[in-house]
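In this document, chain identifiers A, B, C and D correspond to the written order of the chains, with residue numbering beginning at 1 in each.
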Amino acid sequence: MTTPAPTAPADARHLVLTLSCPDRPGIVNAVSGALARRGGNITESKQFGDEASGLFFMRVQVMTTVAREELEKDLAELARTYSMTWSLDEVGRPMRTLIMVSKEGHCLTDLLFRARSQGLPIDVVGVVGNHEDLRPVADFYGVPFHHIPVTKETKADAEAQLLELVDSLNVELVVLARYMQILSPTLCERLHGGVINIHHSFLPSFKGANPYRQAHERGVKLIGATAHYVTPDLDEGPIIEQDVTRANHEDSVETLRAKGQDVERRVLAQAVRWHAEHRVLLNGLRTVVFA
Amino acid sequence: MTTPAPTAPADARHLVLTLSCPDRPGIVNAVSGALARRGGNITESKQFGDEASGLFFMRVQVMTTVAREELEKDLAELARTYSMTWSLDEVGRPMRTLIMVSKEGHCLTDLLFRARSQGLPIDVVGVVGNHEDLRPVADFYGVPFHHIPVTKETKADAEAQLLELVDSLNVELVVLARYMQILSPTLCERLHGGVINIHHSFLPSFKGANPYRQAHERGVKLIGATAHYVTPDLDEGPIIEQDVTRANHEDSVETLRAKGQDVERRVLAQAVRWHAEHRVLLNGLRTVVFA
Amino acid sequence: MTTPAPTAPADARHLVLTLSCPDRPGIVNAVSGALARRGGNITESKQFGDEASGLFFMRVQVMTTVAREELEKDLAELARTYSMTWSLDEVGRPMRTLIMVSKEGHCLTDLLFRARSQGLPIDVVGVVGNHEDLRPVADFYGVPFHHIPVTKETKADAEAQLLELVDSLNVELVVLARYMQILSPTLCERLHGGVINIHHSFLPSFKGANPYRQAHERGVKLIGATAHYVTPDLDEGPIIEQDVTRANHEDSVETLRAKGQDVERRVLAQAVRWHAEHRVLLNGLRTVVFA
Amino acid sequence: MTTPAPTAPADARHLVLTLSCPDRPGIVNAVSGALARRGGNITESKQFGDEASGLFFMRVQVMTTVAREELEKDLAELARTYSMTWSLDEVGRPMRTLIMVSKEGHCLTDLLFRARSQGLPIDVVGVVGNHEDLRPVADFYGVPFHHIPVTKETKADAEAQLLELVDSLNVELVVLARYMQILSPTLCERLHGGVINIHHSFLPSFKGANPYRQAHERGVKLIGATAHYVTPDLDEGPIIEQDVTRANHEDSVETLRAKGQDVERRVLAQAVRWHAEHRVLLNGLRTVVFA
């Protein structure tokens, strides 16, 4: 399993800056000037001004020669001037990730395989299951498995345990990899922008339970999957990625499910990669994806 | 404009039989036996048994040597035995088609071009517009254009005119090629199974008005189009074909609309071709498509 | 990992018949008649007459009530009359499969996962590697791993070992899951129609070594993968399935490779499923796929 | 035919700058600084540094308040410093385009329709046909049609006529919309980077004549089309865009051709749009597409 990593390995001098702020003339020049003054060489740069929201978004990769702290000071000043929200990270640094599962293993297996062999830049620091079924998969990849069962009565306790894990493991990203429990609104808000879910339909079609059954009943000719950030509004969070595959009259609910699993794992892996590479910025209920 | 036709030209000895009936053992053998006894050679055959509805569907192309009437007698008898709904037609015979439009010409232009140059087996016997805008397109292709304006007050009259056209022109298929009026329930039922609409979204997402605006607001990463039979339930008719294309954060409602038009015309043309070739059979609220 | 299997479990009364023969009138009726006389109920049937080669192909699933031997006698007789090549198997019976690998694990991992959790109807009876790298993956899935290194000098011996395994394990299908060795012409002919390879390009583009490098140099905007039967003509065997994914100017050879692995494993799994379900028939240098 | 244009109408103050030069630190800052000093507001910006060639590419849209000449002076100076190749144009200005055809009308019809109704930013100043067949299409859209027949003997004369048209009409872009003649090397070089061809295969597969026949013989499961710049090396020019559609064993050469025409016109229109919007930059034998 020696596939070379497509993401460059982390390098303390290669940084990725993301920012958003109210749009106005001069931002690009101010940012590129700040980087140039510190001897930075821009290796990738993408930007977007949203006319609807009046917001400006930017993602810059820069090779620096000075200490990161110097850059951060300059950026903090810029941020005050332009009312920016910003973040700075090393390009390729694996994001500390917790994966949550129930019984279906296709997304978990896929994410762990890609993290080990295909350069998906996440460091899976734990797997949480409300069932024991997928413990062997975590074991195989050498990732600690935490069994946190959930019932109506224990839900609050279970979420408290989860938060404890998030804190103690310094988790940056939580991935719901076909986790069949709904997070409480409080938890959603606490982890805002840091939880990605895969829904097994092409949202906004077929929200809620049993989307493949719904798809079968409606007789659609394509089925899909949607990766989105989790918000208190179930299946309404900002969409990161979607894809579809063909279906036809011969498909049963079962064959739709099997076909759909392929789409689910591909869409989820793509969304996780983009997030971990700081390519996804929130724009209200939508996302900007600098793919 | 001499592209050869992909559908074989009509030939009185090459017939296409479609049928549906309650599923039970022996149907395929009974049908193929009836055709064989008349010296028929099966050139294409597709079938489907739907476990959910208990119905059986079949489409057979057969090269015959005897008179069609002989075959029809045999089939009528079979139909009694098996409670079949069936139809027999010549392979490749162009279906008499009326196209209804408003102001946007991409679907009309495409259907007329394909009928003339790409062997789409329809004979467009008229174009009906509730606006005059697309008359020149019909003129160019030598198809009579009928201007039937519709207001709330004149709707009943307009539909009466339409039905008169359908009858006088022996119309077999009505295509709503971005016709921006809703047909009355009475008309829908009168033309049941004979009206195809193109909806500019991936149904069941974004029913109703302004689907591209809805898609933009929800921030979806794919937009689509759906060709379906028209029923009194708006945007709920049996789906014939769907497809999608990618969208991203840079898309405005306007660019979504432009991208979507490509999908719309492709999906509509595919659905019309399949219908005209007797490849689409109704299965309750869904379709069987013997593509 | 309890995903329900989309392929129905094997059932001694549910049979799948495939056949090919010179095309002539009456075949369908003769076959369906033979099945009907034994009380068989056809649950799926697909056929194709190739005008170019003059051959007829058919795949029928039938639910029987009589002993399979009875049916086989009838079919043997039919086969004589129509010069048929035919096979009969139980629907859903897992095909005994040997997977051959080198160092890259994406295809192996995927096939083993699908066989265990997604109803891919293969029984993986062994994994052969010319390197040791992927032994842990085979171990995890409880499949015996055989290390058969290959050098120029030992190639003949290695192939002899392989053939011994094929015989002793009653292997029906060999899958080259990114196995980086070329099989000798003798071996190709010995296993004709029973070896599936995944080539990491959209054939016939980029045959031979380093297709992603070739693709990068040519500046293509899509990269692909091809699953095909192995023949003595390298990369020229009958194609079973192909698919593509988008590339752009930002892609390096490395990112093309990572994107391509996704397509490779999907295309290979699809081809293996169709083969194991007896949906692929050879038509000279091409295939008929009753998908 | 009133579809709103997705490309903004030309506006003398909204400019698009494209440039390429040897990559080195500071380019982005130098460019954005030059624009900022003239009060320019960047509305869209994309860039790419190619490690392989060591070249840097950039496309910037900027809303200016000063005269374009001022900007041009600054850019000329920058160009000297950085050895830049650059161009400046108004965003959305329709590019003066000559379309060349033979007998098949699907690409011509599509381009003319999109130019009139979908905001494709080209101004079709003439259609050249080596046959008369498509004159009516040009007439319908009010575009002058020039019949320039080509035989082996008259080829040089025909190309001279063509060049005369290109000069007298101030043609900026020549589109070979299924023009079945090969341009001479001299002409290719004379119009270098200004001629787009659509080839009816997924290059580099099936170069040369009859690609659909070649595809049929090889039994591929996808067919495609490729839009590329024309160079003296036939079918080897830099690729702008490619796409594919599914094929199967039932397809004849004729049905492949019909399916393929859909892909051809879509791919060609996309390439023409990107070129006309100055989104395509040459990078040796490849292209950078700032889509």
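Quick note on the criterion: contacts are C-beta pairs under 8 Å (C-beta built on N, C-alpha and C of every residue); 3 or more make two chains touch, one makes a residue touch a chain.
On a predicted model such as this, the values are computed, not experimentally measured, just so you know.
> Remove chain C from consideration and name each group of chains that's still held together by touch.
one piece
> Only C-alpha atoms count here: how many degrees separate chain B from chain D in terms of the superposing rotation, rounded to the nearest 5?
Rotating chain B by 180 degrees superposes it on chain D.
> By CA centroid distance, what chain is farthest from chain B?
Checked the centroid distances; the maximum from chain B is A.
> If you average the CA atoms of chain A and of chain D, how far apart do the two points sit, in angstrom?
Spacing between the chain centres: roughly 36 Å.
> Measure off the straight-line distance from the CA centroid of chain C to the CA centroid of chain D, and report it in whole Å.
Spacing between the chain centres: roughly 41 Å.
> Of all residues in chain D, which are in touch with two or more distinct other chains?
Residues 252.
> Just say which it is for the chain contacts: an open line, a closed ring, a star, complete, or other.
Here the contact pattern is complete, since every chain touches every other one.
> Flag every residue of chain A that touches chain D in the complex, lowest number first.
Answer in residue numbers: 24-26, 28-29, 32-33, 35-36, 39-47, 49.
> Give the list of chain D residues in touch with chain B in this complex.
1-6, 103-106, 109, 113, 117-119, 133-134, 136-137, 140, 252, 254-255, 257-258, 261-262, 266
> Across the complex, what residues on chain A touch chain B?
48, 50-51, 202-206, 217-222, 224, 238-244, 248-250, 252, 283, 285-289, 291
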